[in-house]
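Across the two complexes that follow, subunit A remains constant while its partner is subunit B and subsequently subunit C.
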Partner chain A sequence: MTRRTVVLALPVVAVLTIALAGPWLAPGGATTPVGSSFEAPTDSYPMGTDVLGRDALARLLVGGRVLVLQALAATLLGSAVGLGAGVWAGITHRRRLGLALMRSVDALAALPALLLLLLLATGAPGDDVVVAVGIAIVSAPFSVRVVHAGTARLVGTEYARHAAARGEPLLARVRRDIAPGLAPVALAEAGIRFVAATQLAATAGFLGLGAGAPTANWGRMVRENSVGVTMNALPVVVPAILLVALAVSLTVLVDRASVPTRLAPERIDRAA
Partner chain B sequence: MRLDLWIAVRVVAALATLTALSVVVFWATEVLPGDAAGVLSGPHATDAEREAIGVALGLDRPGAERYLEWMRGALGGDLGTSLATGRDVAGIVGARLVTSLAVLVPAVMMIVTLAGVLGTAAGLRQGGRLDRWLSGTTLGLIGTPDFLVATVLLAVFTAWWPVLPAVALVRPGESLWQHPELVLLPAVALALGGFGATMRLLRASVAHTVATPFAEFARLNGVRGLRYVWGVVVANALAPAVMALTVMTAGLLGGAIVVETLFNVPGLGSELTQAVAHRDVPLVQGLSLVLGAITLLLLLVGDVTARLLDRHGPTATGPAR
Partner chain C sequence: MSGLVDVRGLSVATQHGAVILDGVDLELADGTVTGLVGPSGAGKTTLAHALLGHLGPGLRRTAGTVRVAGLDPFTLDGRRALRGRVTGYVPQDPASALNPRHRVLTQLDAADRIAHPGADRRDRARRVAEAARAASLDEHLLRRHPGRLSGGQAQRALLARTLLTEPRLIVLDEPTSGLDPATAHAVGSAFADLPWRPAVLLVSHDLSVITRMADRTFTVAAGRIAPAPKATAPPAVVRAPVCRPDHGQASMLSVTGLTVRRGEARILDDLSLAIAQGEMVAVRGDSGSGKTTLARALAGLAPPAAGQLRLHGRPVGWDASARARTGGPFLAYVGQDARAALNPHEPVHRTLGRARASAARNGRSCGWGPEEVLDRFGLDPAHLERRPDQLSGGQRHRVALARAITAAPAVLLCDESTASLDPATEERVLEALDRYRRERGTPVLLITHRDRVASRADRALTLSEGTLR
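Let's look at the complex of A and B:
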């Protein structure tokens, strides 16, 4: 690991720690008012108060976990689907079926992600799990594409064709010939999907999908408190900085990690 | 494959996708829990009351039957009536679409101009100062979710430097097109959201063209200046660029949901978030169907245009998506 990699990894680790461990560290209730709205920071409330006079620091600490867990779950689910479908479509002998699968994946990827999230939220309102599933659904097509392209490249290599000609069973070929070459691509892809998923989860919170108020959520904090930026900007600025720091440093990390992830940032934006 | 056949296949694929979308829209809004009858009757209704309202709405009939009826209406331009206001959904969608376009069109124009010029400049001199600076800036922009960009703009222009109206209030009977000052801020927010990725894609496309043997051949033969940039680089980088621009425009429709909601622009996106909040099922269905149809139409037009512009056939720049 180079020194630059460590420097870039620091913000990622810091934000994830704040998000995941935050609820245990929160000083008091995140939903009980402790003063009037948008009070300036004091010693006991280092970030001041929010729109309803609640402790902004407590809400910040509580509000990240759901977001990161949603993104993690969506990434795991999306990557699993991506690996399964992508590898199968790349290696199968049933070319037409594989092609048909890739076409339907293209179709799914063409739809606006937020539209699908909003639709699911109409069907099952106020549910954080549904938001995570929704994010997985909209991000899986992109994983399938990348994994499929990687698999198709590996299937074309001499050693993989030898193995196929020898009549090795499918699973053995996947494990010995495909998996080692595919792992870095799949990992980098999962990193990109995670960044896109945190952004979608934050946007979902911003739009008020998922668990309703008064639950704290970084996306919702930005929305709620944007009316009071002149009085106390911290409840808006701090969650925003955390989200941007996580996205930018993780993107640069993935971008530097390997060649197959070139144009990684564009792929995030198209998904989010 | 012959061109007309290829276009026909694309059109059929787009129609198939739209049909699949309509099924998803219908399933998500009508079959999932949280039904319209429960919303209309309120939280204190008895089961019998809920059932009566469900029957009145036709919810007791099988889903497939209701779906076919909805589709038949949609094909004839009838999307039902809004549960919340009782108004005609097709009429609402039409009015909102005009407003959305008033913000979307300027945003796309801004992106095309800025990303086109800067992307070409950066791609021509890869690794130069401008290229490195833009690479950093766009990375930051891409790392920032749309809603943060919009919130920052809103905060700056309402709180610290109130020269532009931040909330688009239009008197009834007037259209947003007549008020450029109201459109500016949401359009800029939307444009900033799409600018980063588009610029990087255009830059990559230009850099790829610059590195090709035919571009080098032109340089060695003394093709210079504007003739080189316009006639060699831009002309050959255009097909993937058009592709990138349509994908970006389609993506802006998603970004518009956030931006319109935040700036109170009465467009398709803000209407959709409100309809979701009020669980106004027919309105959600109509808006989703129209948004999805526009997205697919944009991508189809982009596919066909890129194919027509491509000078080297579909194999030279990789398979057309």
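Let's look at the complex of A and C:
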């Protein structure tokens, strides 16, 4: 790992640490009022208070964990579905079944994401797990598409066709001929989807889906406190910045990991 | 005398310290053609790449300098100034070097746009047509996508693209390996007689091309370069007796009515072929006559429009993976583009291990142990740990052949598999194939342009106008 990668990884690690460890570090209750609405920062409340006079820092520390866990669970679930369905549809010799699967995935992708989320959340109100599953459902079709396209390209390569002609078992071909070439694509796609899932989870919080009102959530913080942004901007700006920092630095990191690194010519010169 | 290229004491080594080039000096002047010969894996391509400022993965320059037109190709700025303007490069494995998504004409136009930005459209069309003519590339081929070109045609398309940019230095790596002798001759004379008198570096195993084109020749062996002794005339050609396929004899493989269409054109037209147990048959024909199409159809990689294939009298389907699923026979194809045929992520030992495992799964065995296979194809056990991009072009071809043999195929189809090997290695590989088919009784179909290769076969057939004769 180069020094540059470490620098790029810092924001991701920082945001994830705040989100996951935050609830343990929170100074006091995140749901009890400690003053009046939108008080400016003080020594005891470094981020001031929010719309109901609660400690904004405590709410920030508490409100990230669910969001990040939702996004992470949705990404892993989506990747599992995407890799399974995409690779199978790409490599199977049962062309029609593969096509049928892809068409049904397309139908799923045509559903508006928010509508589906709202529908699921109405069916099971106040459940964070349902939000995560909903995000996975709306993002999985894109994963299937990308993985399918990558697999189809690799299945068409000479070496993969030779392996099929030799009669190698499906799993061996997937492992040796498909997986190494597919890994960068799948990784980059999962990275993008994690960012999108974070945004969707925040949106779900913003809309009041998932766990009910007094619970803190970065997305909900942005919505609740946007009315008082002129009096105390911190409860809106800080969660928003954390979400953006996570998204940007994660995409850059994933790009670095997924693009094959070549020995730069300058480095060859230095060696000489 | 102006030294366009000046290489001084160039040494290149792998990360583990193995020496690829050892203090190489080379000077190329404008208007001269320099030939580079030597055994497979000796470092010829590495030296050619060094002129472009590229080194293979895991290689590094340990000493020496390279100057092309006074610029250092190993610096970013130097490479940028040289690439496409001063230096033109035609790589091995031509099919991998063309963009599969664009027609040949589009790619030639793009090359001309680099060389002559803002030129008149009519001038551009004229220059493209001239370059295509110089490279012996028929005009109707310009409308095709690279996937519909034969190996030799793709090679000529690359040559035409290189000619368009009028580079002062042309680096040709095995430029004629996929061409029949007449076309190779025409292309060779075109390059030896270019009006802007470029310096040409020609890497080739084909001594007849080298002797005809090159003003002087160097041998690369074990990383060192030395002037080659005056090349002797190619050995007298022994022609194999040409005879028609004998349908009366009990044949192991028989094809009838094989027809492959591409649009309106019939690439193969009602073709028949019969090969006996253990027989080695050479197939020759002009570049683009459909030799590769025939081999790929037999191998099940490009199912034909019509025709029937029988092995031991039993009908066999045309799709390779369907054959594999239904426990049918495996017809191994070893093609011209060894780079594409090998998994770039896989070290050689795994490639061969997989082939051995799939043979064992079907209750077959090639009869040769892993070391024996390596030895027969002149591969070193040290190559086992390498991935394809760490092998030379000739080594890749031999790995592809070794893989095919290890999988114990019912029929072996070799498509110019020895075209990029030096004569000694080629002899060794042909010897291995010969021995294998005698030991195992596996029929071998050899597609080749070269008399020397064809003379090893029991009989030679010529493919023209869609049929074998």
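Definition applied: the second predicted complex is superposed on the first by the 243 of 272 C-alpha atoms of A that agree within 3 Å, B and C clash if a C-alpha of one lies under 4 Å from a C-alpha of the other, contacts with A are read in each partner's own complex, and residues count from 1 in each chain.
The rule is short, and it goes like this: a residue touches a chain if its C-beta (ideal position, glycine included) is under 8 Å from a C-beta of that chain, and two chains touch if they have at least 3 such contacts.
Model, not experiment: these values are computed from the prediction.
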{"item": "Residues of subunit A touched, compared between subunit B and subunit C (which is higher)", "value": "B"}
{"item": "First, second, both or neither for A:G208, with subunit B first and subunit C second", "value": "first"}
{"item": "First, second, both or neither for A:L118, with subunit B first and subunit C second", "value": "first"}
{"item": "Touching partner for A:T251 - first (subunit B), second (subunit C), both, neither", "value": "first"}
{"item": "Partner chain(s) touched by A:S226 [first = subunit B, second = subunit C, both, neither]", "value": "first"}
{"item": "Subunit B versus subunit C as contact partner of A:S79, first or second or both or neither", "value": "neither"}
{"item": "Partner chain in contact with A:S143 - subunit B first, subunit C second, else both or neither", "value": "neither"}
{"item": "Partner chain in contact with A:E158 - subunit B first, subunit C second, else both or neither", "value": "second"}
{"item": "Residues on subunit A lying within both footprints (that of subunit B and that of subunit C)", "value": "263, 265-266, 268-269, 272"}
{"item": "Residues on subunit A engaged by subunit C in the complex (per definition of touch)", "value": "93, 157-168, 172, 176-177, 180-181, 262-263, 265-266, 268-269, 271-272"}
{"item": "Contact set on subunit C toward subunit A in their complex", "value": "53, 55, 57-58, 60-63, 74-76, 79, 299-301, 320-325, 330-333, 335, 337, 340-343, 345-346, 350, 354-355, 357-358, 361-362, 403, 407"}
{"item": "Contact footprint of subunit B on subunit A as seen in their complex", "value": "103-104, 106-107, 110-116, 118-125, 195, 199, 202-203, 206-209, 219, 222-223, 226, 229-230, 233, 236, 240, 243-244, 247-248, 251-252, 263, 265-266, 268-270, 272"}
{"item": "Touching residues (chain side subunit B, partner subunit A) in the complex", "value": "13, 16-17, 20-21, 24-25, 27-29, 31-34, 138-140, 142-148, 151-152, 154-155, 159-160, 194, 196-197, 200-201, 204, 247, 250-251, 253-254, 257-258, 261-262, 272-273, 276-277, 279, 281, 284, 288, 291-292, 295-296, 299, 321"}
